[in-house]
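Common to both upcoming complexes is chain A, partnered first by chain B, then by chain C.
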Partner chain A sequence: MSAVAGYAAPATGGSGRGTAIGLLLVVLGWELAARALVGAFVLAAPSQVLAWLIENRGLMGRALAETLGNAAAGFVLGNLAALALAGIALAFPASQRIVTGVALVVFCLPLVATGPILRVIFGPGDGPQIVLAALAVYYTTLIPLLVGMRAAPATWFDLIASYGRGRVSALIHVRLMASLPYLFAGLQIAAPAAFLGAMVGEFTGAERGMGVLTIRAMRALDVEMTWALATVATAVAVAAYLAVGAIARRVLQDAPPIILAPPRAEGAEAGIGRLLLSLAGVAVAILVLWWGAIAVFDLNPFFAKGPQDVARALIWAPNAAMARASLGAALGETAVFLLPGYLAGLAAGAGLAILFVLAPAVAGTAMPLAIALRSVPIVTTAPLIVLLLGRGALGTIVLVAVMVFFPTLVACIHGLKQAPGQVIDVFDSYAAGRLQRLIRVRIPAMLPAFFAAARMGVPASVLAVTVVEWLATGAGLGSMMAISASVSDYNLLWSAVALTAALSALGYAGVGLIEVRILRIYAPEQLT
Partner chain B sequence: MAPEINGPPGVICAGLAKTWPGGVDAVRPTDIQFAAGQTTALVGASGCGKSTLLRMIAGLETPSAGTIEIGGEPPAQTLRKAGLSVAFQDPSLLPWRSVRGNIELALSLARRPVDRAAIDQLIALVGLEGFADTRPAQLSGGMRQRAAIARALATEPRLLLLDEPFGAVDELTRQQLAQDLPRLWEARGTTTILVTHSVTEAVMLSDRVIVLSPRPAEVVADIAIDLPRPRAPEDARKPGFAAHVDAVFAALSQAGALRDRPLAAQ
Partner chain C sequence: MTRYPTFTRRGLMATGAAGLGVAALGLTPRAARAQSSVALQLSWLHSSQFGGSYIAQSRGWWAEEGLDVALLPGGPNAPVEPPVVSGTALVGISAADYTAAAVEQGAPFKILGVAMQKNPFVIASLPANPVNTPADMVGKRIGMALANTPVLQALCTLNGVDIGGIEIVPTQYSAQPMLAGEVDCLLCWETDLPVAMAIEGIESVTMLMADFGYALHSQTYIATEDSLANRRAELVGLMRGEVRGWNAYREDTDAAAALTLELYPDAGLDLPTQQMQAARQVPLMFSDLTDANGFGWWTDDTVAANIETLALLGRTVTPDLWDRSILEEVHGA
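This part shows the complex of A and B:
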């Protein structure tokens, strides 16, 4: 198993001044832009945001407390679930592929549809927000944990065995300690993600919280309020990210590794046969869980549709052809926004990373900012992008691109730094130019990180596009899920959910396949 | 043979063999006896199967055939009583524990009482005074190796297994370690098996040198080193010592072990 991970120490240490300057420039640029665009009613200046926040501090404080509470509960639940799943994968190594596969598919469930479904199950209250927050975090904790549990050299386990001790001692003295840095890396990404999950949960019929205010601000076209909410959400996300990082540094005496992506599936080389086998295993496990959950929780068959209902609705029901056609049309609309945004985000992230390497002075200032911005729940800024760019294609595509851009940038910069120093020395000894070095050494070294980001970008961009469609554009799968939920067409809703999750997970796996093929040519040593 | 309780155990390997899954023969069926209380060196070319042999004795690897008895008991039994210690080529210190913490961990894994004063004394003995509370990352390679030896000795094992314990450091440090540390286990009368690919080191430290053939390992010579102890580094130039070194080299080259990897430079 291999994973893309590394230590963030150089990026976070010693460049506090660069970050401060960068932040100052951003705020300044924002203020100036707002003054320039004052008649357009799209951009509120930082000074106006501040004024709004002071004026409405009571309202804002209550909403923030509510959302923070839900996010915290979801954070705890989601991470406990991740720990439990990691425990299962560790106790039964053969189950790891199934566990991670099922975890991925569940992670790919479109929050905009699980929100309304959970709302029906839980009724009014905090349940859906908390569950969505948990769903948003558990995968990003599970994967680093699985990597970390195995990130210890074999001799450490030999040492334990040579004193006649077994797996329990190895777990306590080696695995848990060795996985701590990875756990913190996961928690660091999870903290802002929990906030995002809670907010999306509040979009769907909650009574209180930041998500509710966001919807209200959007409906009222209240520019200042929209910007104030996005600013607070961003600040909270960055603060949560930094806080977990600070705790990690105290506990570990080292910055946590940047976990860029899950490990490639073990034996990605093993061939199509094994791949199909594990795919089938995951599919069976999903179907069993789906059926089981409906049966165990005794859910009302009126809205809780099982796999057989979805199959009927799409295949042999009298109006199946119509359902297929409308799903297909929605899928087409979504793809038109999703694919350009996804590709643009990847290209911009990788391209800017390469520019940074060619101009290292810029990277010193920009990197800490990019790492912090990676944690911003971009989706919560969706209303801003709608305000700025309108409800058309451009706004959606930009949002998807931004969602993919930051993780890609951070991953690629990190990957570019991984180029082995000795190889670079060899190139220097031939007086090879910067460009040569970039093409022959650094870019191949960047590829694993790039693909790791590209894989994680799939569910992220699906989340982004469905949220915007559902909040704003009224087109595509996101909007279809919203409409079918509101008219109680649960067959269509569940079909859309199943289709979205399956395509998202398959897209993730597909990027993984391309990754193996390309790495085999350009970076074969990365596949061992 | 009744299990011995007090003295160091002898180790008897009978028909011991290891074939890795995939068909690599690492150790050919071999009979070897390691005398109680002696230091025996295993030398052979890199990759010949020395570590595999040692790991089977340590109970970390199951033999494909044959048996091992440590003081009349199988290795699993000895492990259960934490009766042996292994020092690996890589010091394998846990990075989140200090030198003291690593030694304490070994003691608690071996279910021995943790005696702070005794640990301090041991740390001083291996030459790490003042570094008890330092983490491995802040130690030099030689110091880490010293810490690993201290950990291996802390549980007072009756059988000590050393797999190229000075292999991961530079030559000067290696000589220094080879001079400082063996005294510690020699003084305790432990049964010691030392894997090394340095012939001089093998002759300097052992009562007996067993020369193994290239893979699959097989005993090609069994040379008693009846030189007086304690031995000093200068002894290496004395004729008696040189004769033993020559004998080991002769056995190695006869076995063909020198064909692909000359050892003379070591």
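This part shows the complex of A and C:
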């Protein structure tokens, strides 16, 4: 266990030096890059950033307090919602696919569309910022939580049953305990996401906060201010990440148990039939919620379009063919960025996690880099990446990959740690090498977490690609949604929203199909 | 780490509660004057772009009209139309093209006043490679949002320039791509990116599109037909405050900029930028027409020119999109 804890606890002993070296490298590379790019107005050196922060500490402090407060409120609300949803899904197993499906579709709703509607519902104030922060986190907690709640040995459930206790006791005494490592993995990913959500929420019309300052700084060519904001946002996200990690190390003392679950006898056909049934169930639930939300909040039909409006706009309206054609074209543009970015992000995340296990010394240096990369608000990095990689597809693909890569990395690291200590002991007694242990124990133990990350990566990559298209490249579905909102073409906007959410859900289901086949071999306890 | 925000939020709540208490105590004299609360939805973040409204508010000109006006900030993801349609805001700051598009989609809007007589769109370039007329754009790369292609197309049509000869590069809204040499010119506002460059010590050339036939009212006041029918007194009071505020703004733009910073210290504004922006905005807002008839005015001729430009942008509108009755009451015409 101690060797395993080493790469997750870069703050202790030898790897503390690694972290320091990593940080030093970041600052040095940054300073050099900024000096090389003087006059391009994209990057400010760390020394300039520090000077700006000292001079404007009052302004920055107030903005940080505002955004951090909203992000924290959203973080708490979103995670409570995730806990509640996971509880429902496990107490009523039949509802699980519906719950996760609806949660997924809601998570996939693009910010461009939800932001203004939240603003109309909440009016002036912090409402949209908090809700967008909550929406950014609840799903990344829910999915690992559901995986973790099943990662318990059958014998533990037998024990509960032998005491004559039921599902609720199993939930409290076994599932919640077993889910803790996964819950912490989710919370770690959620921390930076909540901050980004609160910042983007300020785009819907706020008086203060770091998002407001970011817009101001970028338009004003104020590179020092832009990077001071990015630095503070990154520092806060990294601090939150490390704090959750520190709590996790305090709480999680026991070695993971051996999970031996009997393979299920169910055939693949039944799986697909059940999948279709739950897809239909999710679709019905979404339509009911869609209609219901418009009615409950009494939203004006000028901008709140229901399913019937979208169907009319896409199927039998006079210009439906044109709407379909422009949606199709935008979707094509988006897919070109989305798919390579998604796959590259998954590969990089899993690959790096495995590298960290093989070479724990690397982890101390690379982990702070990885956290920083993911935590820098996408809004500020987009122009720099575009400058470095050009305005072609590569820049967008890299940004998507960055968004997918980090959650995958964190999930896989936690997954690799779930290798049962007793099995590792057996390998030790045979003097098996690191590579043998990796291939035969750790990677199979990592698979449930990897697939959870792969599923979460679908909406995360869709979110990333639409935000980049909206704010930087001006192509694809993201840009189309922004334009249709600005010219009040809400039929087209809602059609694009429905299409985006539906495709994300289908992508998620597709990953789920692959997952079922592979987990049947390596982690059958996940297939309930 | 977790304690600090809790503490501040609690502090905020305590302040909020104290504020409520004060409001409750102060309710009696206020209620006697029957203030009615209305909101004005701005089209962007707080800045001296809306300085006239800040003056009206801080000098109590709306209070004199019996109005308590909330100024709601906009932003990159804050379209103006939904809050106005749903009644969150009585009046919104829009532009003729956005309003025409919303009306086409069924929104019952009227334009009550025109703050920017001249459209603020410019083609900005650097002195070494300047764009002084639309024909100069041929053979150059222009950085802009693809969404604005119809705007460029309209300018080209008005001036007999072939848009095919211009290379459009989709960029974020910033002067950075031009300074990095990625593009030769930018489609932007007279009052934002050129001001940012000037503050950084970079000289730029701006070609105002309004000087080349692009007639399109901007920063227009919109309200719903329902408000026009049933809330006339509030609309007149709101517009009367606006007119007084913007006339004062014109008198002293530096004071307007200073007031903006005083009212919104958290908006990250700096005084020189706000002063320059305010000064550059005045020539767009005031003209012989407004000198003769008052702030916000229009005539049948200017509306006809707008309808022509809107047609080039693919919008079909009729003159009754503009309703001058509120403004006529304000100016006593």
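Throughout what follows, the second predicted complex is superposed on the first by the 337 of 528 C-alpha atoms of A that agree within 3 Å, B and C clash if a C-alpha of one lies under 4 Å from a C-alpha of the other, contacts with A are read in each partner's own complex, and residues count from 1 in each chain.
One rule holds for everything that comes next: contacts are C-beta pairs under 8 Å (C-beta built on N, C-alpha and C of every residue); 3 or more make two chains touch, one makes a residue touch a chain.
Worth saying up front: this structure is predicted, and the values here are computed from it rather than measured.
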* Asked: Does chain B (first) or chain C (second) touch A:307, or do both, or does neither?
  -> neither
* Give one of first, second, both or neither to describe whether A:115 is in contact with chain B, with chain C, with both, or with none. => second
* To do: Between chain B and chain C, pick out the one touching the greater number of residues of chain A.
  => C
* To do: Could you say whether A:127 touches chain B, chain C, both of them, or neither, answering first, second, both or neither?
  => neither
* Asked: Taking the superposition as given, does A:153 touch the first partner, chain B, the second, chain C, both, or neither?
  -> first
* Of the partners chain B and chain C, which touch A:163 in the superposed model: first, second, both, neither? -> first
* To do: Using the touch definition from the top, say if A:215 reaches chain B (first), chain C (second), both or neither.
  => second
* Once the two structures are superposed, pull the chain A residues common to the chain B and chain C interfaces. => none
* Structure fact -> Seen from chain A, its contact residues with chain B in the complex are 153, 155-156, 158-165, 169, 173-174, 177, 180
* Sites on chain C touched by chain A in the complex -> 1-2, 5-6, 8-9, 12, 39, 45-46, 70, 72-79, 81-83, 85-86, 88, 98, 101-102, 104-107, 145-147, 169-176, 179-180, 182, 192-193, 196-197, 199-200, 264-270, 273
* To do: Name, in rising order, each residue of chain A that touches chain C in their complex.
  => 39-42, 59, 62-63, 65-66, 68-69, 72-73, 111-112, 115-117, 119-120, 123-124, 200, 202-209, 212-213, 215-222, 225, 239-240, 243, 299-300, 302-303, 382-383, 387, 391, 471-475, 479, 482-483, 485-491
* Quick one: which bits of chain B touch chain A in the complex? Just the residue numbers, please. => 55, 58-60, 79-82, 84-86, 88, 90, 92, 94, 96, 105-106, 109-110, 155
